[in-house]
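Residue numbering begins at 1 within each chain, and the chains themselves are lettered A, B, C and D in the order written.
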Amino acid sequence: MRKITYAQATLEALQEEFRRDKRVIHMSNDIPPELREEFGEERVRLTPIAESAFVGAATGAAGSGFISVVDLRMATFGFVAMDQMVNQLAKITYMFGGQARFPVLLRMSIGAGIHMAAQHSISPYAMYMNVPGLKIITPATPYDIKGLLKTAVRDPNPVICFEHSLLAPLEGEVPDGEYTLPLGEADVKRKGSDVTIVAISKMLHDALAVAGEMEKRGVSVEVIDPRSLVPLDINTIKKSVAKTGRFVVVDEACRTCGAAAEILARVTEDEDIFRKLKSTPRRVCGLDVPIPYSPPMEDYVIPDRAKIRAAVEKVVGSQA
Amino acid sequence: MAIDNAELIRMYRTMLTIRRFEERASKEFRGGSVPGLVHSYIGQEAIAVGVCFNLRKDDRMVSNHRGHGHLISKGADIRRMMAEIYGKRTGYCKGKGGSMHIADFSIGILGANGIVAAGLPIATGAALAAHLEGGDRIAAVFFGDGACQEGEFQESLNLASIWKLPIIFVCENNQYGVNTHYQYAIAGGSIPRRARAYNLPVRTVDGNDVVAVYEAAREVVARTRTHVGPYFLEFKTYRWYPHFESDAIPDLRPREEIAAWKKKDPIKRLAKRLLKEGVATARELEAINEEVLGRIDEAVKYAVESPLPRPEDALEDVYSTQGIS
Amino acid sequence: MRKITYAQATLEALQEEFRRDKRVIHMSNDIPPELREEFGEERVRLTPIAESAFVGAATGAAGSGFISVVDLRMATFGFVAMDQMVNQLAKITYMFGGQARFPVLLRMSIGAGIHMAAQHSISPYAMYMNVPGLKIITPATPYDIKGLLKTAVRDPNPVICFEHSLLAPLEGEVPDGEYTLPLGEADVKRKGSDVTIVAISKMLHDALAVAGEMEKRGVSVEVIDPRSLVPLDINTIKKSVAKTGRFVVVDEACRTCGAAAEILARVTEDEDIFRKLKSTPRRVCGLDVPIPYSPPMEDYVIPDRAKIRAAVEKVVGSQA
Amino acid sequence: MAIDNAELIRMYRTMLTIRRFEERASKEFRGGSVPGLVHSYIGQEAIAVGVCFNLRKDDRMVSNHRGHGHLISKGADIRRMMAEIYGKRTGYCKGKGGSMHIADFSIGILGANGIVAAGLPIATGAALAAHLEGGDRIAAVFFGDGACQEGEFQESLNLASIWKLPIIFVCENNQYGVNTHYQYAIAGGSIPRRARAYNLPVRTVDGNDVVAVYEAAREVVARTRTHVGPYFLEFKTYRWYPHFESDAIPDLRPREEIAAWKKKDPIKRLAKRLLKEGVATARELEAINEEVLGRIDEAVKYAVESPLPRPEDALEDVYSTQGIS
């Protein structure tokens, strides 16, 4: 199969959906040149630096029959439009009793490791998970982002796609033809029998690397990418934990009230799973500090393979 | 161009419908039959009516927290509005929205909003849709002097202006945001000046004179239908009631000021005109009042007799299930 | 001891701190009349409806030697100032290497049960817990709010106080003299030996009522109010769970990525506690839907005594 | 009132310091010794220098993402700046902030900011502090044309205006926010018009003429010290380099435009004047350049030789431990 980058897969998804449906429009502070060229300045609109206005406009256009795609660029720029996302867009379908649909795809980049300090290195998806009414995806491979983005554009609801900056150049197999992936379906990226790791976004790749290492040491690790955090496919995760009895969740975002806390809670509050747990479930998360600029500190506060490995060793206990 | 008599009578009836609706909603709230709270539109009726009577059903309108008047003027069904305020399943939003969040997308009402100024970007998006559709539809958004203090106000005017969107920004300057006078909160004390800075043409009109409102809106709506860009209308007016029905926030506005403005009652003013110009007799006006009161009673009856939502209905509508293609 | 309301206790705390320290200033869309009268319009400032501007101004004034108190009123109005809270105020001390301190107290009201629908009934503290750099308190009694607010004003860091609207008229004992309460100290509101309930904000009172009922049925319930969510006194909670072996956390806010998820995760990921758990830990939370307006639906989506009781019965199992 | 010669020379030296600092920072970034990214101030040096040379050490200043020039002009130590950019423990922020987040509170620099327009409310608060202190201190905030598009811009101008705060809003209109021209993004195309709408007095000045900047700032600073209210200064200028050092975003501005503006180099312009007026000789100017280059080398050496932070240092400074009373 052909290999393309995560960034290319993203672009292809949008191009295909723009071709498929004339109602799709795009707004951003920067013009994506390929989209602009093919679809023109009416559909691919350059916005002022006024995120509240254009996120709100995306909502209004969506409620009036269009399909809005908004690229906010870095997640840190989203906070100035927070009310429009969490108080308007997330609630508007519900408040009005489902009268209208609001197909809006919001894209934001996330992640540390780029040495851009506290404001520009964040992964704030948990803040949005705490807001009912939004759907949230965190694709980690070219194949997944293409399929999920295409579905997101066709969803009659707001979807936020969080894309780790460091994934953009990542290559992966993507079929030539049309395909879509459902939201709310976790993907077992590697089968295993001793430990379940759930890993979000870029952490998937680190988790897979650790799984590879552990195999050599006789520990069989199952690695699951939830891909979509809302809706969350907790059943696939539970099935895995029921089998392995050991559980680690890995998330680059900071720990407190993060996605990892939620996944851990959902797994352990299930009576059946709780009984099957052979060891204490663990989180491997970013530390609860703003992301520092200087690499030695930055590396220290975000999870890496060593930390994932240590957690796996802990849950496996004497076995490893 | 004169407004024809039938239209004047329709405007009178609608203003009176708003007035009676609000009086009744306040009473029911104070009496405990209505949950939540109600921001009364009384005193400002001429604005919603004068503007919305120039809008078509397929024009899109966005409202704010003080929205009942806007909805009624755009053609919303007062029975379903009242049912919503009563929190009933037959309400516009199945009891999910309440007074502050009523919408009727089928007639272009994109909804009221509890966040000051948050409707402006949404309306700008509705205007963007109209622009992309390429017809002559337009959008209108109602908001208060208080909304002119929020960043979203400026961002929306700017966006509508540079994209030349077909939208009318309707500022109901009732002079206060809760108890804060706009002359305190708005540097320079002029809202039109602010709008002009974003390159919008502006007109300020007496918001208690429905004929003046109607005529200004007629011209502005016609202009906006040609998609030459946005327009800003400021209407000077006053709210008669406290910020909302509930004693949680005292009304600190000067009593004499309130009394003086009550003398400028937009409904009495139109009534006087109708009588003077022989458009209607006192008896005819009284008949309209009776008819309106009857319809309000009927709306309340509808609301009271409607079933409450089932508790589990709360789980529906978090996401839309409407197909998109 | 004298009894005063939660609202009065709040006012007293501010009055005393305004008297104690001339650097304390107040900004809000509404003027608190008692403060304005006593401390004048320079210190007690009326703001335009422009939350970003005055939250940011509070930060700037605090970084310039003042102590800012901002009353945002309802938490729903905070989202338009989100960037100033989570990207500026929360990070400014850290980003600049601790050069300056930013004593800012932000107050917001929370909670459903007031029939004000999706925007005005929220309890979004978990979103702020996910942001390192903020301190977060949720006092539930007149005594606690007075003592905690006074400490918050004296803290050299941003503190957000979330106050449930329905607590304002609640009466409770408050001593006459000066006292303060430390942030980060949970309070065991009722001693018990069979089950630990951690209950946040207004839920405390419902949990206490359930504990009373359960006692009659021979189940001894310990009820803990964390009072401060950041820093969180997890030790007091763990000590209790180590003793009871059974754990329920009650939070009105919606479930996903909420404070309850975090507390549950911290308890269960402790190996020692995990081993001592006699039954599956449980969350009792608001459902993941926007808060509906109509009372039957509103009641359905937020926790109540029946739901708390059911959870306690579950964790106690056959014993109850 | 003429500017004395020594002051002109100091300004020249500072502008050149900024230029050389930025050239070096960019080079080091491109060479991989500096992490993160760098927004170069080259081309705009006259503005920071002309304004900050009128500020006192105890005046408060807030900067933005393109902040190096502002910091140097306000008196920051280039060694500690360079060390911060290198992510070293001796940097201003102990390596926690990097290029986009440098501050020096000891000389009134309240910090740079990565969020467009977010510094304006903070600076407004600094001005509020000055107002409450009651002395003659003032605040100044630097921002670009892009920031004039955000809601916080308007909210801050409004707040400063109604509270008559001693603050100078310094708009560096380099005509682009990344690749977007302000004539596209700013309805009406005039930033001063926008500021006037909030009742601020405004002056537009050539931002590439440090003497003009200095003289305008001198008057405006003197006025602002009397606490009569805020002032708005727009400086027309241009940035020479791409939006930031990194090829992540291409520079789409017309090449001829860039070339034309490079001819308006503010440093060459001042040099010409100094030579023409006999304030300095070519040799003296070259000596200044040598001296500046020496100091930049020294700063880089300091940065390179300074220790990196320990990983665990990341855990400090989340909260301040400075006592408050």
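Operating definition for what follows: a contact is a pair of C-beta atoms (placed from the backbone, for glycine too) under 8 Å apart; a residue touches a chain by one contact, two chains touch by 3 or more.
If you're wondering where the values come from, they're calculated on a predicted model, not measured in any experiment.
Distances between chain centres, each the mean of the C-alpha atoms, put D farthest from chain C. Separation between the centroids of chain A and chain B, computed from CA atoms only, is 40 Å. We define each chain's centre as the mean of its Cα atoms; on that basis chain B and chain D are separated by 46 Å. Chain B and chain C have centres, each the mean of its CA atoms, that are 37 Å apart.
Across the assembly, chain C contributes 48, 50, 52-53, 76, 79-80, 83, 87, 94-95, 117-119, 132-133, 288-290, 292 as residues in contact with two or more other chains. Residue positions of chain D with contacts to 2 or more other chains are 93, 95-97, 101, 113, 115, 118, 149-152, 155, 158, 162, 184-186, 318.
Chain-to-chain contact here is organised exhaustively, every possible pair of chains being in touch.
Residue ranges of chain C in contact with chain D, taken from their complex: 21, 25, 42-43, 45, 47-48, 50, 52-68, 83-84, 87-88, 92-103, 132-133, 135, 154-157.
Listed in rising order, the residues of chain A touching chain D in the complex are 29-31, 46, 48-53, 76-77, 79-80, 114-120, 287-290, 292-301. By the touch rule above, chain D contacts chain C in their complex via residues 60, 62, 91-97, 101-106, 110-111, 113, 115, 118, 120-130, 132-133, 139, 151-152, 155-156, 158-159, 162-163, 316-325.
The touching residues of chain D, when paired with chain A in their complex, are 35-37, 87-88, 93, 95-98, 100-101, 113-118, 146-147, 149-152, 177-180, 184-186, 249, 308-315, 318. Interface of chain A with chain C (complex): residues 52, 76, 79-80, 82-83, 86-87, 90-91, 94-95, 117-119, 124, 126-127, 129-133, 230, 253-254, 256-262, 264-265, 268-271, 274-275, 279-283, 287-290, 292.
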